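Labels run A, B, C, D, E, F, G and H following the written order; every chain starts at residue 1.
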Amino acid sequence: MKRVIHISVFFQTLENLWNQKITPQEAEKQLRQLLYEDLDFAKIDHHRALRKGFPEVVFCQGKTQDQIITILKKMSEQYPNLLATRVQPDHFLAVQKEIPDIQYHPTARLFILERKPAEKKGCVAVISAGTADLPIAEEAAVTAELAGSYINRIYDIGIAGIHRLFSHLDQLWQSNVIVAVAGMEGALPGVVSGMVGRPVIAVPTSVGYGAHFQGLSALLTMLNSCSPGIATVNIDNGFGAGYLAHLINQLAEGEK
Amino acid sequence: MKRVIHISVFFQTLENLWNQKITPQEAEKQLRQLLYEDLDFAKIDHHRALRKGFPEVVFCQGKTQDQIITILKKMSEQYPNLLATRVQPDHFLAVQKEIPDIQYHPTARLFILERKPAEKKGCVAVISAGTADLPIAEEAAVTAELAGSYINRIYDIGIAGIHRLFSHLDQLWQSNVIVAVAGMEGALPGVVSGMVGRPVIAVPTSVGYGAHFQGLSALLTMLNSCSPGIATVNIDNGFGAGYLAHLINQLAEGEK
Amino acid sequence: MKRVIHISVFFQTLENLWNQKITPQEAEKQLRQLLYEDLDFAKIDHHRALRKGFPEVVFCQGKTQDQIITILKKMSEQYPNLLATRVQPDHFLAVQKEIPDIQYHPTARLFILERKPAEKKGCVAVISAGTADLPIAEEAAVTAELAGSYINRIYDIGIAGIHRLFSHLDQLWQSNVIVAVAGMEGALPGVVSGMVGRPVIAVPTSVGYGAHFQGLSALLTMLNSCSPGIATVNIDNGFGAGYLAHLINQLAEGEK
Amino acid sequence: MKRVIHISVFFQTLENLWNQKITPQEAEKQLRQLLYEDLDFAKIDHHRALRKGFPEVVFCQGKTQDQIITILKKMSEQYPNLLATRVQPDHFLAVQKEIPDIQYHPTARLFILERKPAEKKGCVAVISAGTADLPIAEEAAVTAELAGSYINRIYDIGIAGIHRLFSHLDQLWQSNVIVAVAGMEGALPGVVSGMVGRPVIAVPTSVGYGAHFQGLSALLTMLNSCSPGIATVNIDNGFGAGYLAHLINQLAEGEK
Amino acid sequence: MKRVIHISVFFQTLENLWNQKITPQEAEKQLRQLLYEDLDFAKIDHHRALRKGFPEVVFCQGKTQDQIITILKKMSEQYPNLLATRVQPDHFLAVQKEIPDIQYHPTARLFILERKPAEKKGCVAVISAGTADLPIAEEAAVTAELAGSYINRIYDIGIAGIHRLFSHLDQLWQSNVIVAVAGMEGALPGVVSGMVGRPVIAVPTSVGYGAHFQGLSALLTMLNSCSPGIATVNIDNGFGAGYLAHLINQLAEGEK
Amino acid sequence: MKRVIHISVFFQTLENLWNQKITPQEAEKQLRQLLYEDLDFAKIDHHRALRKGFPEVVFCQGKTQDQIITILKKMSEQYPNLLATRVQPDHFLAVQKEIPDIQYHPTARLFILERKPAEKKGCVAVISAGTADLPIAEEAAVTAELAGSYINRIYDIGIAGIHRLFSHLDQLWQSNVIVAVAGMEGALPGVVSGMVGRPVIAVPTSVGYGAHFQGLSALLTMLNSCSPGIATVNIDNGFGAGYLAHLINQLAEGEK
Amino acid sequence: MKRVIHISVFFQTLENLWNQKITPQEAEKQLRQLLYEDLDFAKIDHHRALRKGFPEVVFCQGKTQDQIITILKKMSEQYPNLLATRVQPDHFLAVQKEIPDIQYHPTARLFILERKPAEKKGCVAVISAGTADLPIAEEAAVTAELAGSYINRIYDIGIAGIHRLFSHLDQLWQSNVIVAVAGMEGALPGVVSGMVGRPVIAVPTSVGYGAHFQGLSALLTMLNSCSPGIATVNIDNGFGAGYLAHLINQLAEGEK
Amino acid sequence: MKRVIHISVFFQTLENLWNQKITPQEAEKQLRQLLYEDLDFAKIDHHRALRKGFPEVVFCQGKTQDQIITILKKMSEQYPNLLATRVQPDHFLAVQKEIPDIQYHPTARLFILERKPAEKKGCVAVISAGTADLPIAEEAAVTAELAGSYINRIYDIGIAGIHRLFSHLDQLWQSNVIVAVAGMEGALPGVVSGMVGRPVIAVPTSVGYGAHFQGLSALLTMLNSCSPGIATVNIDNGFGAGYLAHLINQLAEGEK
């Protein structure tokens, strides 16, 4: 691991000093630099560690086409796998011109570069309440998938027809973690958590109207769930849910 | 009906005028008086009409013991049945001293005078999610009961154990209307409405903490329910729900 | 009824087993399948039960033209009556091309397929405060109408001219249930409920500006009404109000 | 008027300078002092002007008994009439000990000193929806009364029994301005304004529960009223409403 | 006055009955009709009374061009003076085609028909804090002007340069009532009310950004003003402020 | 596992039927009963499954001492381990009288019965920002501990002294999951998640004042964290966070 | 300074009076005029004083192109330096036609006229969390720069990679004041303030989504920061932050 | 300075290694330890740096008497000057028993230990709008005073009597920075900032009622101020304002 390597770089400087190959002043300079580089280095290192298997991610909302191309191009030269979230369809042609092997996932609103597909292990269930929640559910599913999780998609099982869940209970028990996406009243995650002993990551969506207040209603429902195996991410944050789900799935598959 | 009687009073004046038993001036005076009395009269009449079988109701929150005693005493002389809501236990002895046959319902926080019990007809189901919702559920149940509905109480069936509802589906189908009381995430009314084709009156309660915001979360959940047979009353408004439930029950039993 | 039929299917399997026409293993398979099919089946069955007379409904907001056409076409092959809510006018031609006998209701923003008109029985009053509330009021009215209620439309009687209500009191008393639609201050439902002893379904609309906060003000007014015969649906939820009104109307007409 | 007097003081200095009774330096000092004193003076002067007939007012909420006594005692030596708002009953004895002729108004939560009662002229109507709104309604009524308005109190006419208003329409038309106090749904001011062509000052109260949010609901209702002759003061601000009502009443009676 | 006339119509029926020109049945019919017509009639009558001098008003926001033309054309045949608020510029040509003498006020976003200009009496001051508040300030000013008030416009005197107010104090004292329009922090009305003893109608505007929350900040500032002579209307409600200001101005000029 | 057992019970009935030991009618009765018992049974079974190792939990807030004693006593006869959350200190003596071996944890506000301590495996880190967050942090820690997790407590490392985190990075990396508890600005979870590649369960607390709005500020901060490995529970919900953390820890230790 | 000059003008009048060059009446007129002119004059004077070195500023949001051109043209004739904030790119050509030497800063959305560049002194650090916060950060930076501060820009150091701050600590200590701009969770200012003993002006931005509520989340985070050296400006108010930062920088450089 | 010392400790290790007084292993251990100690050390060091002259501070709200005594006693042994904020009067005797020379400031709700009074330099103005804002204003004043600022207290100058400010303008110009404390409408800071070219730290207080929403109204007013020299702290955060004011005052007096 990089952290080990880094310590040996640190040690090397001390050895060089001991052997008087460098002066204390030079050592100090190297070590101080290392002290900070260490932190910078740690940053990359530990990002690598944090993101074992994760593609690099760019949040595109509010960025211009030019900014997105510049960032993605630079990153595509460094990293084999990239994920650009909240993209606009009309940016795709221009991006593809620069990175020909990039792909566009219209439902999940993602650009995906996947040159070294992650080896898949363990299963994440992604379930959603309504058709309109699909973009967020797919954002979660594709994120975890690219990172190396198998995905079990179970869509359109809102609590108005809650009994439908029964035929899927086994699938849910076979997953390590469940991402439950719902707008409107947002009750799905609580119901599922009451039936399946797996961590549930609740994703409120902005799907609704009136007193839904752009997702606030679904968010509050999820935060107030009586079922204790739930935690909630931001409204419409499919990416965050998929990322966290993969992190838990990795742990459950013995990768730490 | 009173409205009919009233019209005949109106007509009587006209007849008296026609028969010149009264002068046009007297008639005008009588009729104008009637015009207003009519409205006042209508008020009582129509309150009678509105509240067929309903006890008179006094909302006690924020009133002093003296005010409550004065109001209840005066009303107990006019009406056989009374309902005092949101009462404080320590007011009971003083109230009872003035109205010896008044009763105290501690869970529902009600004082009840029931000298002419209403004849019961048709069934209202009152269901609740948690033990802490009982005061509101009982307020609804006792209100509808006094007004003349049979009550089917099904308590403590929150959606964390949603499958328990199955053993009660028949009971729910046999009721004309369902009052569904829930705090926390407030998902119970939506789930029930998805399983039983009866009007559901949703009552959010202030039971919860943190992002529950004194019932706001449960209220929003109910308003945003995907199941279309629901309407919602104010947070903790058990009385309003019981009243409306009885109104619907009466209609379903053919009383209009 | 299906639920009865289903039980006999269940019984048939047991008989076959008893008669050793099938093995216990086959019976288990059949019964377990039935167990789940039962639930799935129940779903349809009970939706049928829930929706006696109701057309199938598709909520179109946030769906693409292609999605809407696909869903409506498939449903139009199964069900005689359909209701598509929150439609966009410019989708109509394309939808009509696939389902030639579908109709467009511009004020209520509905597509309607009505091959087997429901037999009408009992009356629902739909009243509204202002001209701008018409789309929501009509959504409620058409929904209840298609489901089999006679509709009594009384529009433009906001409380700024509250006395106008008097000439309509008889009409309101002749209805089984009242849908009261209002934006701005939203006081209409409370006033009506104080004058007519019928269940009032209050529909706040987003019509207003400034401190109206997209319907929040009207919603809160309705939830806080002093008149106890009211319950409220989500802002702009005309469909939900019409559906619930018809449910109550059916009960009042003796259909359970 | 003081403003006139002040100008002559200003002029006096100039005359003294012209007559060389004072040096330019002295004049500058006097005038500069006057410049600022003017502002200070204006403050008192114009407060006198602003408050023609108004008693001096002390807002007691959040002040200790000692602070209140000190302030009231000092003011009672300067001004004949005083109004202390939001007082606590248990402060009265101590206050009375220092100012024996001060009076306590328990419903309106006021201490009143009225040594030179204002001459009364013109009428302010103060109407309220419920019994629990009385403290605020009385705060408004007593404020305007002390300042010199006749008060027409019409209490307990909430919109649940809106027809009762009819018998009071003449009284309302005979007032110059109407203070309409309401909690719960807060619809009273809008209804009254739709029937009487007088300025209506709407006072939302914190009387309610649940989605009333301590008066927010009533406040929003009043701000969103469709009737254009209304303006609203802060929740529970009976004093402000009474003050403004008297100001308008004075104008209507020809005092400017 | 109409109300008087109406009573004589009422009396006429009674006389006819007395004189047996009509039967009691006919009298009843006439009188009952009158009873309701009375209310309808009263409505118009009293609207006339309420709006002495006021033009008829149409709120155009959310109405289509066709609806606006239809309404305005019909009204222009009945009433000499009309005010259409919140209009869109591009509707003007079409409206003008139907009502050639209608005028367009671009800043105030009004269409104005003024065939019988009201006689002007008494002065309303309309003051505003910033240039961006002009549309609302002008809406208030033109509304009161058409109704018969002289207007004293003092614009662009926000509290960042509060000392500018001093040179306008006399103008403000000479007005009967002040409409104070402000967005951003909304402090202007409170400051003015502290300096001038006239009723102040505060109009918060949606001018601002960030934590202004579309006018909420300015609204709250005005409701919480320490100066007691203020009441507040809805955010951006220039029309309501102008209407109320004229109502007060009329009273101050002795017209009741 | 129970679910397996249950299926064999199901099978047994079929075998008995096959062998004609029972009639089809008896079988139907048994199987239908099973159908529902199944659900009820499943409930317990699956609760057992959901809560492998978890103590039974009673939420005591808003319950009376009598209710708490009754519930805990009954449960203590069925289950070896119990957790009562949000308890009041003064209830302890009375509870202990009935259940002598129950313990009181004052900081975490818990009553604990632990007759069969769970075998511990894997580590959960519980970190908190300030001293005042301790009750919530301890609630989380004790919950996960009783359920069978080792706990690594790192308290009082708010981001005002963020560099202190560095000396704890190794401890955090050695935990499977991190519960991060913070009030005030609530930034701790986001910072930790940016440095350690472990799932972070964020717990906002109501510790703060003013614009903290009882925890809303910390809640929003956590939901909006830029670091993707975070999910959030309700304000002050230490129990829910501890429960979920243990669930993830179990998975990471290979128990599913 | 102007304030001094003004006083001598005041004195001049007194001298002229003393010398009887003018009559007391003339003196009074002059002095009263001066009294008000003084205030007007003071306004400019003191704006000059307030804004030593600051360019004149025009807030363009919500103004039309014509209004902006008129205002800028007039001001460009009076003042050498101008700053127009929140401009639209497509207004630039038209503005430039009138003021050829005006410049456009696209990121900061500013038009800048800088004919007499301020002499620079002392350093303001402007730091930002994300790329999307750049427009606000640049608005702050350019504002302070034009006013005469050196700017130290450190962008893209959000707390997800908080360790990056370490390499910039010296730069931050060398600045007199820090403007910290952040959207999303908004934690950057609190972290920086915990590490550097300089006043921190926190600028929340509207960058975020869902429960960010257009900047509310970041705003609350900053207001609730545990680190005491912070104060916050309105959401997206880069100009205000830059202005205040320069004010503090000036003080720190000895200019008062 | 400590940071310098620390670097020489770092250098010392390198010298020892060079001189082979220690082995590379020992050096590594020392340096790594230093690496972390450095951070811990830096923390203290830099807190010392951050807080030059500032007393140590303990926020007492929500802490028990025992916790407060323990913390204060320990700190009183390390630091000469202490400030305990938000204290309760009844804790004082017990605290004083342990730390006899500690003092209690009842208005500001502070315990103060001041064994080495800071040398005072430069002036901070603390102004407040109303008497009820005194506790917060005094908290700010005493905080800055203990830290070494002269304080200019100007209380009770709310904008209802805004002209009073004129007589204090010179005092305000003579201060380096102004802390402006206001509840209710909160307009004072904006008005002052428009008249005095000094940084204004705005402190909203929770003084108010109704639509004040515990300080939200004043907070929003201050954030939306049109005057650009303002920044705002949390509601009732007098300590934070005093701390920041002293920080700016120090800079203005040449101490960095």
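The working rule: a contact is a pair of C-beta atoms (placed from the backbone, for glycine too) under 8 Å apart; a residue touches a chain by one contact, two chains touch by 3 or more.
Remember, it's a predicted structure, so these values are computed and weren't measured experimentally.
> Kindly list the shared contact partners of chain C and chain F, in label order.
For chain C paired with chain F, the chains in contact with each are A, B, in label order.
> Keeping to the contact definition above, tell me which chains border both chain A and chain F.
Both-contact set = B, C, G, H.
> Count the residue numbers both chain B and chain D use at their shared interface, divide by all numbers used there, and answer same if that is over half, different if under half.
different
> Using Cα averages as centroids, what's the distance between chain A and chain D in whole Å?
Taking the mean C-alpha position of each chain, the two centres sit 60 Å apart.
> Using mean C-alpha positions as chain centres, tell me how far chain B is from chain C in Å, no decimals.
25
> In whole angstrom, what separates the CA-based centres of chain A and chain C?
40
> Name the residues of chain G that each touch 2 or more other chains.
161, 163, 195, 210-212, 216, 219, 223-224, 234-235
> Using the contact rule from the top, write out all pairs of chains that touch.
Inter-chain contacts occur between A-B, A-C, A-F, A-G, A-H, B-C, B-D, B-E, B-F, C-D, C-E, C-F, D-E, D-G, D-H, E-G, E-H, F-G, F-H, G-H.
> Which of the residues in chain G end up touching chain A in this complex?
Residue positions touching the partner: 131-132, 161, 163-164, 166-167, 207, 209-212.
> Which bits of chain F are touching chain B when the two form their complex?
Where chain F meets chain B, its residues are 36, 39-40, 42-43, 47, 61-63, 67, 204, 206, 214-216, 219, 234-237.
> Would you tell me which residues of chain E are touching chain H in their complex?
Against chain H, the touching part of chain E is residues 129-130, 158-163, 184-187, 190-191, 193-195, 208, 210-213, 216-218, 220-227.
> Please output the residues of chain F touching chain A within their complex, sorted ascending.
The touching residues are 46, 49-52, 57, 176-177, 195-199, 201-202, 219, 223-224, 228-235, 239-241, 243-244, 247-248, 251-252, 254, 256.
> Which stretch or stretches of chain B touch chain E in the complex?
Checking each residue of chain B against chain E gives 10-11, 14-15, 17-18, 20, 23-24, 27-28, 31-32, 35.
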